[in-house]
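After this come two complexes, each holding subunit A, first together with subunit B and then together with subunit C.
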Partner chain A sequence: MAKKILTVDDDPDIIAFVKTVLEENGYIPMIAKNGEAGLAMVREEKPALVILDVLMPKQSGIRMYREMRYDKELKDIPVIVLSGIAKRTFLRSQEALTEFGDQPVPEPDAYIEKPVEPEELAEMIKKFVG
Partner chain B sequence: MVDKRILLVDDEEAIIRVLTVSLKSDGYDVIPAYSGNEGLALYEQHMPPIVLTDIKMPGMDGLELLKRIKNANPDAEVIVITGHGDMDSAIEALRFGASDFINKPVRDEALSIALKRAHEKLEMKNQLRRYTNDLEHMCQIATEEVRRKSDFQDKLITSSNDAIVATDENGMIVTFNPGAEEIFGYSRLEVVRKMKFDDLYPEEIAEEFISGFRRKRDMKGGGWKEVIIINKNGKKVPVRFSGTLLYEKDSVIGSVGFFQDLREIKRLQQELVNSERLAAIGQTVARLAHYIKNILTGLKGGTYIVNIGLDKNDTDKLRTGWSMVQRNIGRISYLVMDLLTYSKEREPDYRDCYPNDIAEDVCELMEAKATENQIRLIRAFDPAIGELCMDPDAIHRCLLNFVSNAIDACLFDLELDKKWQVCVKTELFDDSAVKFVVSDNGGGMTDEVKGKLFTAFFSTKGGKGTGLGLLVTQKLVYEHGGKIDVTSEPGKGSTFTMTLPFRKKNADTAKH
Partner chain C sequence: MKKNETKKMLFVTQFEELWFDALESLMDLRKAGFNHVVFLHIIERDKVAMRRGKGYLKDEEVRLREMANVRFIDWAENLFEQGMEVGAYIVVGNVLPKIISTAKEEGVDLIVTGRHRRPKLEELYAGSETLELLRRTSTPVLIHKYMLPSGKINDKPFERPLLALDWSDASENAVNYLLGFTDVIKKVVAIHVASEKLFKSDSAMEIQAIRKENRQKLEAVCDRFREVGIEAESHLYVGPTCEQIDKAAQEREATMIVGGTTGSKPFKEIFLGSTAKKLAERSTLPTLLIPASAKSKES
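Presenting the complex of A and B:
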């Protein structure tokens, strides 16, 4: 059975692109346009993988990633961060939240800085969900 | 203490004896000599202040002795004793500098009067000498003081880093310090007493001096100002200049000019400007490259989807991919337009228009995005605003920028359940301008962000903003003669206001 993969991004271009890559590689794409909607969908659908943007309206990818890692049921779902923001910046933001008293979280399973080639993204997905 | 020694010269022993007795009783210390030669020898030995000598003597006579003594000491008081009625000798003696003469036979009171007078003269001479000495001493002290002061001023002028050029009342240069040599390129020897100030100074300064000299009034300005000097080698030297006329009482006695070399400062300033410009260019290019990379991502994604659509004959995919390509072409167009507007001088294109209609148009454009994100778009247009002469395109672009920023501020608000709203308000202001106010209750801004709002390529929207929007808006507003205000509070929202003055309607102007 085809696996569900959730992409969370507010940029329609990225959504269309990732959706096509997923379809071409035989996965079922699911879409959320911000962190809040993304988190709700993860809880409901339990996808095999989440492809997550960082800068989004409403809840950002930084917050959504933490929420997933705190949640027992979600913490083992692999997350690929796909963002225009440098990995360095993402990790620093996570550290800052930890310093403010939140629980520390592990680094994301993979981090891809935009732009990404379709083959590269497909290979990365295959690595985590087969 | 008065020197009471007296040299008494006479070849007649008897007379010496009698006069000695008489002089001694008056308290004198008599040195007797019995010939002219002996008298001269004793004079040179003792140097008494007063000499009393007979004229008629064998060998060296009294006149000769007088001459010799006067030669040795012009201050000596020599009284001659002349034969009775021998006025010729007496006059001769006076000519040679005798102080007085007494006739033979020598009477005591005549002698004591002559001696008294001699003493008085001596005393006067002494006093005169003392005064002269004092005067000379004081003159020496004063000269020394003047020399010291002038030395000090000389050193001051010489060691000054600034150029100091002073002229006399005819404009002839009299002072030209090493600082001046450095700036003007002439040596002191080439200039002092050889050149006038107008040979050296740039025209604008020379003219001030000339009119100052002519009107005998000080030059206008007074303070420092920057001028360019052409030096000996024809090079331009930027300097700060200050000059003044020199007065003694009410008359002009010369002029002085001070020049500060600005070459080094100008060079450093230029370097600073260059390095700032390079840094700005570097930053600009980096941000621009980042933004263009985002557009490129969209274009690549679009072509990828179009290719799949072509391969599979899937029109849905084709449509999706093609619209991505089109959307990103649109983004490039906007970017290029913003860059052009930002970098080019632009005159507002004043036309008769209805500002409220433009605001309505902007609201309609943004309505869909607002509704999609549960943001209420409120219109509050002032009905008093009718048709006015303004630049409608500029208003449209600025307002669109404000409103789309306001919607983004709500979208990116960290709070999760707020009733977001964006209010677009127009208001007639002072019957001369229209105020456009766009306020939101989104995330607001920190002072740090607010401080960078109008910095080129500053954006809080990651790769999604060019960092040009507000900059372009500000430029359009300024070109329109208007102003732009921002208030904001983190967590509460922001308000952007632009006040644009309008012109009389073209239709109205045509009527008059």
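Presenting the complex of A and C:
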């Protein structure tokens, strides 16, 4: 049975690109346009993988990732961060939030800085969900 | 405003007046809970609109969008690394409707914008964009001018606000709003500008009574600030409202001008609206305008 993969991104061009990669590789794409909607969809659909942007309206990927890792039911869902924001920034931001008193969270399973070639993305997805 | 509650600021930039240093000058507001910044850049429709023989300028839209995106990513990285939350919108459309719809969608607590001026002729028919924004939003609007006439950056605009009071509901909203900034404001300079017309009476007693009444009201407002640990002083001015507010701001070394505005009653709008517009557009200081319909931050 085809696996569901959620893309959380507000850029229509990236959404179209990732959707095409997912469909061509036999996955079922799901789309959310911000972290808030993304988190709601993860809770409802329990996808096999999340491809997550960082800079988005309503709720950033940084906060959505944190929420996922705090949630017992979601913490094991692999996350590939696909963003224009540097990995260094993502990690420093998580450190800063931990310094403010939040619980620490592990690094994301993979981090790709945009842009990405379709083959590279497909290969990365296969690595986590087969 | 409750402490520890995350507040959102909508930072509107057309990359003309407001750049990252303008945003940095507002970082003191983190002490008041503003830990979430939402960037908004609007690609004005006429820049990408249909041209005869060319159609919609999609390539130009992509170019403008990516330019804004590169800037926002750089700014966002800086804020994310400080543990702040950041969001961004790059949209095509008309400036005012997009500001209003984004503010509503995000539920922001403060809109920060530069001076948006329409061409003179357009303004004559359609009115000021600043006034229109205030008329159509219940969110406080900061018309930010972060460069002082000296060329230095006004890096703590909320430190010493001049609060212009006209005893309207909007004024009361402005007081309530500022009371939420106890960790940011050091001193409030509360003023009332009395109209010269009120002093046309030939009775000295009557004039003194007006002075006394206004002083008492000003002191009552100052006491509310003192109760929450903010220093406050009061002054009464007489003369044309806008000029006197600007003069008071200079004399009292204010870092910002704050006032309530109303757009609900056409008659009042002519008076109050024009004062707000003049202050927003002419004063060299940032101008924080609180609409009468703003929700009280104390409630």
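Quick note on the criterion: the second predicted complex is superposed on the first by the 130 of 130 C-alpha atoms of A that agree within 3 Å, B and C clash if a C-alpha of one lies under 4 Å from a C-alpha of the other, contacts with A are read in each partner's own complex, and residues count from 1 in each chain.
Heads up, the rule we're going with is that contacts are C-beta pairs under 8 Å (C-beta built on N, C-alpha and C of every residue); 3 or more make two chains touch, one makes a residue touch a chain.
Because the structure is predicted, anything quoted here is derived from the model rather than measured.
Peer 1: Looking at the overlay on subunit A, is there a clash between subunit B and subunit C, or do the two fit?
Peer 2: clash
Peer 1: Of the two partner chains, subunit B (first) and subunit C (second), which one does A:14 touch, if any: first, second, both, or neither?
Peer 2: first
Peer 1: A:75 in the overlay: touching subunit B, subunit C, both, or neither? Say first, second, both or neither.
Peer 2: neither
Peer 1: Going by the contact rule set out at the top, does A:24 touch subunit B (first), subunit C (second), both, or neither?
Peer 2: Touch status of A:24: first partner only.
Peer 1: Quick one: classify A:84 as touching subunit B (first), subunit C (second), both or neither.
Peer 2: both
Peer 1: For A:93, is the partner it touches subunit B (first), subunit C (second), both, or none of the two (neither)?
Peer 2: Touch status of A:93: second partner only.
Peer 1: Just to be sure I read the superposition right, which of the two partners does A:118 touch: subunit B = first, subunit C = second, or both, or neither?
Peer 2: Only subunit B; A:118 stays clear of subunit C.
Peer 1: Counting only touches as set out at the top, which of subunit B and subunit C does A:62 meet: first, second, both, neither?
Peer 2: A:62: touches subunit C, not subunit B.
Peer 1: Which parts of subunit A are touched by subunit B and by subunit C alike?
Peer 2: After superposing on chain A, subunit A residues 54-55, 57-59, 84-85 contact both subunit B and subunit C.
Peer 1: Sort out for me which residues of subunit A touch subunit C in the complex.
Peer 2: Against subunit C, subunit A makes touches at 34, 54-60, 62-63, 84-86, 89-90, 92-93, 96-97, 99-100.
Peer 1: Any idea which subunit B residues touch subunit A in the complex?
Peer 2: 290, 293-294, 296-298, 300-302, 304-305, 308, 317, 320-321, 324, 327-328, 373, 408, 411-413, 416, 461-464
Peer 1: Across the complex, what residues on subunit C touch subunit A?
Peer 2: 38, 69, 72-73, 76-77, 80-83, 85-89, 105-106
Peer 1: Would you mind writing out the residues of subunit A in touch with subunit B in their complex?
Peer 2: For this pair, the touching residues of subunit A are 11-14, 16-17, 20-21, 24, 36, 54-55, 57-59, 84-85, 114-115, 118.
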